[in-house]
Amino acid sequence: MPTKVKEFNDYRAKMNDKILASDNKVIKRIFNLDTNAFKEGHLPVKTKELLGLVASMVLRCDDCVQYHLEAAMKNGVSKEEMMETMSIANLIGGTIVIPHLRRAVEYWEALEEEKSLTE
Amino acid sequence: MPTKVKEFNDYRAKMNDKILASDNKVIKRIFNLDTNAFKEGHLPVKTKELLGLVASMVLRCDDCVQYHLEAAMKNGVSKEEMMETMSIANLIGGTIVIPHLRRAVEYWEALEEEKSLTE
Amino acid sequence: MPTKVKEFNDYRAKMNDKILASDNKVIKRIFNLDTNAFKEGHLPVKTKELLGLVASMVLRCDDCVQYHLEAAMKNGVSKEEMMETMSIANLIGGTIVIPHLRRAVEYWEALEEEKSLTE
Amino acid sequence: MPTKVKEFNDYRAKMNDKILASDNKVIKRIFNLDTNAFKEGHLPVKTKELLGLVASMVLRCDDCVQYHLEAAMKNGVSKEEMMETMSIANLIGGTIVIPHLRRAVEYWEALEEEKSLTE
Amino acid sequence: MPTKVKEFNDYRAKMNDKILASDNKVIKRIFNLDTNAFKEGHLPVKTKELLGLVASMVLRCDDCVQYHLEAAMKNGVSKEEMMETMSIANLIGGTIVIPHLRRAVEYWEALEEEKSLTE
Amino acid sequence: MPTKVKEFNDYRAKMNDKILASDNKVIKRIFNLDTNAFKEGHLPVKTKELLGLVASMVLRCDDCVQYHLEAAMKNGVSKEEMMETMSIANLIGGTIVIPHLRRAVEYWEALEEEKSLTE
């Protein structure tokens, strides 16, 4: 059975392919920018991923949160750092962010499990 | 088979426990405030629950709506009062609120059924 | 010199007239609904005004807040009740609501001053 | 097995009936306005449906997007025009709109399939 | 005395220059995309400007609205078409959009005046 | 003549005093949390201020942005780091964030000027 993480990433990849195949130049460039913006720059990748995470949380975009959680974990973010980022999101964005925090913590656990399997 | 209401509350409780176990002081205090803010004060609990409901609706947070629907029912809010609250949410927040109204009305029915079973 | 309250209401009235003069049926009906939704129904006017206020706050619409503050005061809402409504808005909507709370408290004072002049 | 499109429309119809049965005048009128606003006027129906689509996308309302995708297709909107509308939504609304674009493209395919079956 | 329209455009141009001078590649490309996305494509420029306008309205961005109002007028959008676009924004986005409609109608008048002066 | 920075901070302080004087416990605690959440923890203060900045930008709260810009500068954030944070906000939040970026860059300049005067 595919894991939660694999299922999310497969759907994401499949639909991104279809979107890019439609050959809309503006959309293609936005997808491209998305890759560039999170590369090492004046700020390290790890900090940028935390920025992406907090912005996704306050805008309450579960899929964006899941994407940045995986990237954050890959770039060495600890659970404590993740939760501290979440606490700022909850304070600034209010309690309406909490349901997204529940799902984020659940996904973080799925990522940890996934990681333990592949090690 | 667990009912819709039980499923929601169980997931909520399970994830809240995990979040609080992570021991982040800011998040813990926000959870705490959530309990305090809806206690009897200058305004009665019932009015506060309606405030929580309308705010959750215009911010389009289904889980928050479900939580406040249950608390509203427990505090004696009638279906007519609930729908009047919803009408204000729909007017101020626009037709993008309607899909959330559909789910809210469905959840209200689940709460009514739950209530009739336990009486 | 026109007071802050008078200035706000005059601009509002002037522009509403222009909007309604443009004779768009959908807009006219939305304006109409706005009057109907806050009339006495299953819920009293005072409660409805608090609902309008909290919804306006979490959606961070200063003009809407000012409008509902005036209506709330006219319908007997006390400062304590207003602040309690605001506390729920701040909790649910987060600290981004605070700048709007500052302006709301300032406007409430202007309304109190206006009221003391006309009594 | 009911298709994705049929399932969505059936749920929508069933809950709309329940909402309208609750006999709240303000909600009834908002539902009514919804029909009127998208009728031929100074702007053609096709343009209005694109306006409804882009507004639903930037406000990130999946159900609203699905509804306007179906209406758009029925009014002769091509896939290229739909994607161009989406590109404007993505630029103005940012990358948080992308998860909704994935689901929209998936639903558009379901609509195309549905259409090919009924022709 | 500079007109309202000139003042807005001058500030916009001045700050855009400063932003672009900071030489951040991602921001530069987003500014670039903004120009491309509204060019003639499968959809005519006029339709695209209405899409930009309705999206700006429901997201309640006054500056974006002003920018698209000017572009819409230059591309032959009539006042009736503009108001019909606004009516869809008001229905979908709710009454919190109304204060932005007031300012939009005021700016449209400033644009008409500006236009009459330069003809 | 008071500078832009002083004017902003004075108004903020004056209104915060009035809000806290109203003695609403929930609001008082939210204000308190705001101080705690940005203290050194698992993440350094500088990173936390960038998180506060990006969250404020995507939620389009000018006052919050100004507050975090000042704190960011005080904690050693360079203009390049600030602009990189902004680029992520613009990508995730879309072009509706741009008007807030204009005002943020203007305020950053005011902060730099203020700083040069006091050195």
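We call the chains A, B, C, D, E and F, going by the order they appear; numbering starts again at 1 in every chain.
Criterion: contacts are C-beta pairs under 8 Å (C-beta built on N, C-alpha and C of every residue); 3 or more make two chains touch, one makes a residue touch a chain.
It should be emphasised that the depicted structure is a prediction, and the values quoted were computed from it without experimental measurement.
Path length between chain B and chain E in the chain contact graph, taken as the least number of steps between touching chains: 1.
Interface repeat of B-D: among B-E, C-E or C-D, over half of the contact pairs recur, by residue number, only in C-E. Taking each chain's centre as the mean of its CA atoms, D is the chain most distant from chain F. Of all chains, the one whose Cα centroid sits at the greatest distance from that of chain B is E. As a whole-number value, the distance joining the C-alpha centres of chain A and chain C reads 38 Å.
One simple way to say how far apart two chains are is to compare their mean CA positions; for chain A and chain D this gives 27 Å. Rounded to a whole number, the gap between the C-alpha centres of chain B and chain C is 24 angstrom. Each of residues 26, 30, 33-34, 37, 56, 58-59, 64, 80, 84, 87-88, 90-93, 95-96 in chain A touches at least two other chains. The touching residues of chain F, when paired with chain E in their complex, are 60, 79-80, 83-84, 86-88, 90-91, 95-96, 98-99, 101-103, 105-106, 109. If you check the complex, the residues on chain B that touch chain F are 25-26, 29-30, 33, 36-37. By the touch criterion stated above, chain F contacts chain A in their complex at residues 30, 33-34, 37-38, 41-43, 47-48, 50-52, 54-59, 64, 78, 80-81, 84-85, 87-89, 91-93.
Chain C makes touch with chain E in their complex at residues 11-12, 15-16, 18-19, 22, 24, 26-27, 30-31, 34, 56, 59, 61-64. Per the touch definition, chain E reaches chain B in the complex via residues 58, 90-97.
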